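Take a look at the structure below.
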């Protein structure tokens, strides 16, 4: 976490000799001061990943010029790349249902600027949290999702997200399965928190499944949403110990604590451009 | 966690043959249905501890009669004991300063009835959270603690606590050191969350101390407040991993996540009568 | 962990009023000194579980007489029960293949008397560890398991186990799937360590499966062996954090550390009669 | 963990623009293939740290020539640096007393080549493990440390270490406090495992101290040995949960499991040149 404004360059490309030298050489040539840098070579498929933070005012030009000057090198290295400015706050749209723990947790982090973002709006299939959200000065949209009008509801959600110029959609225990269209519209931009240690206990009522199987730890998983339910790339996971004396209700309660923590961590990694999707997996430069 | 109303009997006494038999015999004699029971013998000093939950409507009498009927046995066993009714909500007074994480976390748990308590009021040395607290329908008192009028301030706090008929006082990152008088007035009833893994890093700025020492994990400790700063009986602790790349500011951020979790766990144990103080230590029947 | 000789009574029965009172009343009547006791009511199916340690020399009779005197009460309560004597060491037979970590770990614990057992013998489908095992004064049997003579091999294993008067069989990364006959012969007496956080990644090469799915934690599970592969009652589990930079080989290495720890914990719980099987789950009185 | 032979360059220097570019530029110029690289800027004191693994056969020269060619650049950047060859096994000398857990654990890791080192010899103040060590083909030296002849004993240890051409000395629960001379002779080369979560419970009988204070987690710390007891730079730490029912003896037993794990992790980091000492702290590039 740095105080000075910085640019974050993230990229992946086929591995070869000299990638770091060329990319950091380009930055050094322009007197760019590197605050933090991470590199990873995937040995199996020969792909290379990187993330570099450069102090904004150490460079003699702005982001637009960085982009045009860097492009030829990126082309040569066959890079997928992007660069973001820490001064431009990401716009997050939060979807909730009737459980409060992730919502309170996110708003506390936003309120203290620990998460230095704009919460563009909160969307819910219930009106439960309108007052709480609006008290924080954040727009709240009640979009019911009736069983026979789901398509229209998700179209509404998509419209609201676009309208709010959202960068990232967060399903903070939304409890609804998004339509394939919506999933496909924003690859790598919709985060979900699933209340199990995936791939165990996919789908509905994972704590009941965990109770039935008699596991000794329960977990939570933050992942990108894809069309395949609970199958998207995993960003972060954690677990908590339970024992034979814990009922499903106890598990639900314990689970909330890891759900909100895992979601907050995964979201932070995502918003700080620490997550690079690689097939159905992620590289997470913590 | 049980749905039916129940009584919670907690007790300690000198160890001897037959304690469980006599106590549970008394309950069985009155057809009392035991929902949960825990026993612990401290071998070193020969003291015995117990906690028993009895279904309220399985007994043919109310709590007052339980108390008078049980007293002779308790006397005989030289017991320190108490019994509480799950239908009587505990009244908690929360003290905060300017950090939001523990406050949001406690209110979320209260809002969802995960913590089935009354928050009698919130007291703060700053006015920062008035709106947030009052929005929840909870009284908020701003009691400044100026360096030269601390005694008066703590007298005010004590008065408000008494006035609110508080059972438990929670220092949710209150950042002020209570007066010895106040500490002494409520032994085993004031909980603090200290932002280190005690006994490491007592006192001020524990994250700075941790940074300087170069530890690889940081922690938080929920303990009862006594006159000796950060020396009271420990109820709950936890840690989180950090590394060389984490600044003090990063530690503060990570630390918040364990502070609020450890406080919530410790408070729950306390409110459910799971904590028995034993000298400067605790027995915690989770 | 107690120094004095003690008896461990474990039992389960239909729940009703007065179970603890009657069982501990029986013990108190004979001046039995209870060192440790644990009770658990399963609310869903109304079954009650208990484990009680009684100091041996506080009772006026030996185990045989305890058994006969206790039987009428056990009958009345419709108990499944057993009682064991801490002075009688359990006889454990360890099955290994070519990985050393669990074997070294178990022998270190046995050598220091942390596990106060007899290791009756070690059986392996390879001759790799003969010297190491025999150096410790423990008999070693090489029983190859050729693909076309598995039945004979498992018959041999069963014969050796019976011959060694084994109480418990431990598959310490044995890497072979026992025959259904062998599994059925010793219900609740064969422990396996599976190298995944079950129910994720059942069967072969779980670390490869974990790598492919991109999980952020890997685990290990100690469970009783049943005829259904990796489906038996879970005794203990744990996990360890990995990240994108870890290869399958790294996972195998990290995994060893939790495999041996989880196996040792699970085995200890089993040997100390802390595990009560309940359907396909376990009650573990730690 | 890589299979191909590689060189590991570790360095630190004053931070400035262009360090990565120049170092990786040097490597790229010679077609060096970077397998793994980590960088860290310490913002507080402006020092820069790095660790780079280069595939040995991608370079057109051997290590000696690398050293002489790289020196001018290192001089210019005012680097403290070293480079090691994965094909040259480090020589480790293990010091033990009468506890077996760390010794068994290290030998299991050595036996399986998980730790790809030479164990040059084992030195002990007791003769307890001679047979076990020698069975593994490793020289064993019994060097008693009588209270009145400690200096001579440590001189003997130092002589044996030198004689064995030891790179690293590991105090695997050695239970003796090395002489200041010996500590000073090998800065950053002697690792100790302390059985507490430092800085809590320095010195003797930390589990007794932990028991008395009533902590809810106990820990272990792997650190470099310096003249100040238990004050050296921390490499790795971990903790394990305990509760009121655990005696000191139980803590000792639980503690062994984290002691051996923390020591093994710390030692691995050290042997793989992942640890850079920075004042009294460490940078650990995991």
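For clarity, chains are labelled A, B, C and D in written order, and residue numbers in each chain start from 1.
As a convention for this text, contacts are C-beta pairs under 8 Å (C-beta built on N, C-alpha and C of every residue); 3 or more make two chains touch, one makes a residue touch a chain.
Fair warning: this is a prediction, and the values are worked out from it, not measured in the lab.
Student: Which chain's mean C-alpha position is the greatest distance from chain B's?
Tutor: It is D.
Student: Which chain pair shares more contacting C-beta pairs: A-B, or B-D?
Tutor: B-D
Student: Once you find the CA centre of chain B and the CA centre of chain D, what distance in Å lies between them?
Tutor: 41
Student: Approximately how many whole Å separate the CA-defined centres of chain A and chain B?
Tutor: Those two chain centres are 35 Å apart.
Student: So which stretches of chain A touch two or more other chains?
Tutor: In chain A, the residues touching two or more other chains are 36, 43, 245, 247.
Student: Please categorise the chain-chain contact pattern as a line, ring, star, complete graph or other.
Tutor: complete
Student: For a test of understanding, state which residues of chain B touch chain A in their complex under the given definition.
Tutor: Those in contact with chain A are residues 1, 36, 99-101, 104-105, 107-109, 111-112, 114, 131-132, 135, 245, 247, 249-250, 253, 256-257, 261, 264.
Student: Once bound in the complex, which stretches of chain A touch chain C?
Tutor: Chain A reaches chain C through residues 40, 42-43, 197-201, 213-217, 219, 233-239, 243-245, 247, 278, 280-284, 286.
Student: Could you list, by residue number, the parts of chain A that touch chain D in their complex?
Tutor: It comes out as residues 17-18, 20-22, 24-25, 27-29, 31-39, 41, 43, 58.
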